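There are two complexes below, and they share subunit A, which is joined by subunit B in the first and by subunit C in the second.
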Partner chain A sequence: MSGPFKGVGLASPLLLVLLGLFLAPVLLMLPQSLHEYIPGTGTSEAWTLQNYTRLLTDDYYREIIGRTLWMGSLVTFLCFLLGYPLAYFMARTTPAWRAAATLLVIFPLFLNLVVRSFGWITLLANRGVVNNLLMDIGLIDSPIKMLFNMTGLVIGLTHIYLPFMVLMLLTAIQNVPRDVEQAAATLAASKLRIFFTITLPLTAPGILAGSILVFVLTISALVTPRLLGGPAYKVMATLIYDEFMQKLDWPSGTSFAFILTAITLLIIWGAGRVARKWSGGLA
Partner chain B sequence: MARLELEQLRKSYGQVDVVDGVSLAIEEGELVSLLGPSGCGKTTILRMIAGLLEPSGGCIRVAGEDITRTPVARRDIGLVFQSYALFPHMTVFENVAFGLRRRGVRGGSLTTRVEEALGMVQLAHLADRFPRQLSGGQQQRVALARAIAPRPRLLLFDEPLSNLDAQLRDRMQIELKQLQKELGITSVFVTHDQSEAMSISDRICILAQGRIQQFSSPEAIYRDPANAFVATFIGRSNRYAGPLRDGSIAIGGGLALPVRPGEAAQGTEVEAVIRHEDIGVLPAGADGGLHGRVRLRSFIGSRVQYVADLAPGVEIVAEVDAAGPSGGFEPGQEVALKIDMDRAFVAPVAAGAGA
Partner chain C sequence: MKLHGKGRVLPGIAALAAGAFALASPLAAQEKLTIATFGGSFLDAVKSCHIPVFEKATGAAVETVLGNSVQHAASVRAMGASSDYDVVYIDDSAAMQLKAENLLHPLDRAVLASAEELDPRAFGPDDAFVVFMTGATAIAYNPEMVETPPSSWRDLFDEAYKGQVAIGDVTGTAGWQFLLAVNRMEGGSPEDVTPGIDAIRPLAQDAVVQYTQADQLLALFARGEVAMAPWYPDRAGSAADEGLPIAIAYPEEGAVGIRPTLLIPEGSSQKELAAAFVDTVLSKEVQECFAETKYAGPINLRAELSEKAAAIVPNGATLESLWFLDPAVTSAQLPGWIDRWQREVAR
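So, the complex of A and B:
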């Protein structure tokens, strides 16, 4: 290999596509976020940072940012907690069981997102399936509020993003060499200790990748939060949508979008550092 | 440190017996190799001793104590894997400390014992590195240090040197044997490499098809093979079969090899296994030799190997000292081949066929 056909040269066709179709439009929006929005007429000519400062200082917006990050963390953590045992089972069971389990994990992805979210509404509503059942058997007197709040969002989003976590973890667990675990056993480590000192750290790259994927998908999800959160219980994605489509306040929407992106990148970078330290540089 | 006994050890997968009734006793501090072609069951036996595989039958005893159903973690063994199986997310120090910590060694004595184990394999200066920063040979040393650090009753080696290059392997063989003698830990060493088994073992157990073929010292196995399988498997040999007539084996092409009286009954099919180095190559016409013509000559350092035709379709391979008088024959030259039949292994074909 020589001349232009190496390094950046080889990556350049893809690089051009990404630059032209992804990065450029995003950057084109940057000036938009630096103007003031004047209702009825559009944007002012003057440059200002007030769209950014408003979002970071106003309690209303700060609550939404906090809520979004909290929701992302909860969903990621729940997906990990539910996904790891399942992925572990799939990695260590017979090929026939693995095939069956993989099908079950992937199957929900074939269903439309809106349909699945509506499904949760019928389950979680005040007069929905779950509440009616609990009241019929006398466990509760009045319905538990599970819709248009954090509970509903977390349940719905965990259900939707669990398959991504499981598939990432499955690959990671399958890549743990069995003789490394066996070596630990010959050195007098119990099964539980082998899991926590060998298997879990060795799957750190998969845990990291799965967590980042689920976290990013969750905080940028629009359809599910809109349906399960309703118009009033907002997160960043629905807020940005409303700024653009309802209020036609493009400068605010753009600046909110940039802040969401910045937070996301920061968290990915931080998570990578933590995971690398924990796994002895493997992740 | 303890005596290891296997009694009628068996492992079957469905109808197939991978290990078929293996009984042997390894003395305290002894290093025994399990040697055999792939599929002979040697690794299976090792994994059963380690507790990573459950035997289908039989019994494993260490120092008189039955450990056949004891979980791996409580067997007090050290196992060195072919793949090294180091913990990639831990430093060399932590790798070696792992087994010591599980046995409750802490603080200053932990550091001392890890450093001692690393010192034994000359790696004390690399304690802070991660396995991926080490060469293959260094990784194998770490694996060795990790296995010996807790001073187990039993050391098990699963082809530990087969991933190293030849020169390093020779060095490691010597070091490994030295270390094992120093520590005096009873050891079982699995290998498919006969010269490796010869050079490091106190005794060698030769296996084929899940059964013991011979269990004795390297010298005895080399000089006095128990059956045709061992005779062919150890060393490099010519193998001739034919009916026994008038005290000689007819090997085709009108040639006959005289055998010692009493080796087999008249008229039976017998087999002669003759090592390459038990054949002398002399100038043509020399006394008591078979007439032949050199077809190939290969120079292999201190030795020269000749492939010669005795008769159409009957060839013989001989290996002689390169520096000696027989080292200089060229292809096409007529020679006399003098076979030392006293050293040959001769047995009726049926007896050796079980191997």
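So, the complex of A and C:
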């Protein structure tokens, strides 16, 4: 074997597992989404597209899709903003510091997601630690609502997905050849200029990979939005869960799941194109 | 528990030996029955009233899976022809939905020793399921905060208690039943819940919480954050026993009746044993035990209540005035009510 076939050969074990155990079951769900669910009787035999069209015509569902994408963007942006300086520090510091910092970054991942989300409930609730503290020192009179809305979701999810962003950025920053930066410095470029014209563009593949990872994980997260969003403040993932588990309307749940997947794929594809332009073909 | 008493050692060794043999020959294995039931204080009562009696009578071991009615319904549907569950505790509306999808194994009245003693309305259509207790959505209140016990659903809307009322999310039984009770009071019908939605919207905005788990209310009552809430007499009775400031009142318009049922999924591989479990739950003694520990209204008409239980469980006049909804109507309308609530009340 040679040429492109070698790659296929190497990837085929994983490819077979993914096709057989992931893609096939997902596609098996497709017919389910094309029937109407009639409460009291069950799933009808007739074919229909209404589960898909409803999502686009009903403004309740449109609001949830919009909210989900906005949440994904906010969390990704915050993870990048908080993660880049940290990753930069970790990449350029001594190996001992790097090891310690890496451990600290990874440490939250050892804790169960439910526990971490409950931790945020304790902190952010109306009578939680943060509000009590702010009221005790007299900064506010009545509690700030930080739970069951976008604030709570973004705080909780940023905390949970920050490690993924940092680890992706760390590798990217470490891979930037130092001599390119030194060459720029020799030519009297300021530190700021070196960062924005050399380092940042060279780490674009890492930024892109980290952003896609965080974005996709965020818009498909279920546990944290369920706990921090409450029953009323829904995003796509909790909506899908409720269609399946509370309304028993599996056809609608399936169609929403396919739409979420389509949105995700579209964003990954679009982000790839943008990054390729930005980094001049490196990504 | 005297697990280490002298008399326990030999049977213990015998059990170990039996276990070892069981590994070698599957025939010698102890029979295992999996029941899907509800959590919290309900589970405690199942473990003290239902399971030990059954295990003693049959020698089988019972495993429990926890969830709410709709979750159980989703699981039964997903498992279809080979169900891990042998007996399912589920509300009558979800049971009707599963019946419509042909997922249930009809009960045989001939093998149920207590069938004759039950309220004749206990069995579902084609004996697909059987009601094992009568519960209700009534008004739970904190007697330290509410001086005159509430007597009407309207009392929840009283200005004096604004911001001190909790209501259930529509996906829980108390949630949609409260919606329907208010809706009926305001002149609506199950087909048109607009009057109920309009009345509840302001109440929901001021509510302390829209609870999704029944026991979420426990902490709120304990801390005095909630004065009144539509809730279940059985849960309130259990909570009061543990010293919480909580009492139950039946509204004059009639509390809404809840009829939890037992059913055997068509896919169960232990249908005989499952029927024996159902029979155990329906027997007079076990019904009395469940009424006393869980404050569940007995469905076995021979069961007798103590004075204390009689004050809490629906019986006599309170049972007469209960409003029972047709489960065929509720299972067909519930997703519509959930949709409207999520768009117009919770949004």
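Note that the second predicted complex is superposed on the first by the 274 of 283 C-alpha atoms of A that agree within 3 Å, B and C clash if a C-alpha of one lies under 4 Å from a C-alpha of the other, contacts with A are read in each partner's own complex, and residues count from 1 in each chain.
Keep this in mind: contacts are C-beta pairs under 8 Å (C-beta built on N, C-alpha and C of every residue); 3 or more make two chains touch, one makes a residue touch a chain.
Since this is a predicted model, take the numbers as computed values, not measurements.
> Report clash or fit for the pair subunit B and subunit C bound to subunit A in the combined superposed model.
These partners fit in the superposed model.
> Between subunit B (first) and subunit C (second), which does A:L187 come into contact with in this model arrangement: first, second, both, or neither?
first
> Looking at A:A257, would you say it contacts subunit B, subunit C, both, or neither? Reply first, second, both or neither.
neither
> Given the touch rule stated above, what does A:Q246 touch, subunit B (first), subunit C (second), both, or neither?
After superposition on chain A, A:Q246 lies in contact with subunit C alone.
> Check the residue A:I155 against both partner chains and state whether it touches subunit B (first), subunit C (second), both, or neither.
Touch partners of A:I155: none, neither subunit B nor subunit C.
> If we overlay the two complexes on their shared chain A, which of subunit B and subunit C does A:M90 touch? Say first, second, both or neither.
A:M90 sits against neither subunit B nor subunit C.
> Rounded to a multiple of 10, tell me what angle the C-alpha centres of subunit B and subunit C make at the one for subunit A, in degrees.
150
> Is A:P177 contacted by the first partner subunit B, the second partner subunit C, both or neither?
first
> Touch check for A:I198: first (subunit B), second (subunit C), both, or neither?
first
> Can you work out, in whole Å, how close the C-alpha atoms of subunit B and subunit C get once everything is superposed?
Nearest C-alpha pair, subunit B versus subunit C: 48 Å apart.
> For subunit A, give the residues common to its interface with subunit B and its interface with subunit C.
none
> Where on subunit A is subunit C touching in the complex?
37-42, 60, 230-232, 234, 242, 244-250
> In the complex, go through subunit B and note every residue touching subunit A.
Those in contact with subunit A are residues 50-52, 72-79, 81, 83, 85-91, 98-99, 102-103, 130, 146-147, 150.
> Mind pulling up the subunit C residues that touch subunit A in the complex?
Listed in rising order, the residues are 70-71, 73-74, 77, 94, 96-97, 100-101, 169, 171, 210, 212, 328, 331-336, 338, 342-343, 346-347.
> Which residues, counting only subunit A, touch subunit B once they are in their complex?
Spelled out, the residues of subunit A in touch with subunit B are 177, 179-180, 182-190, 193, 197-198, 201-202, 204, 279-282.
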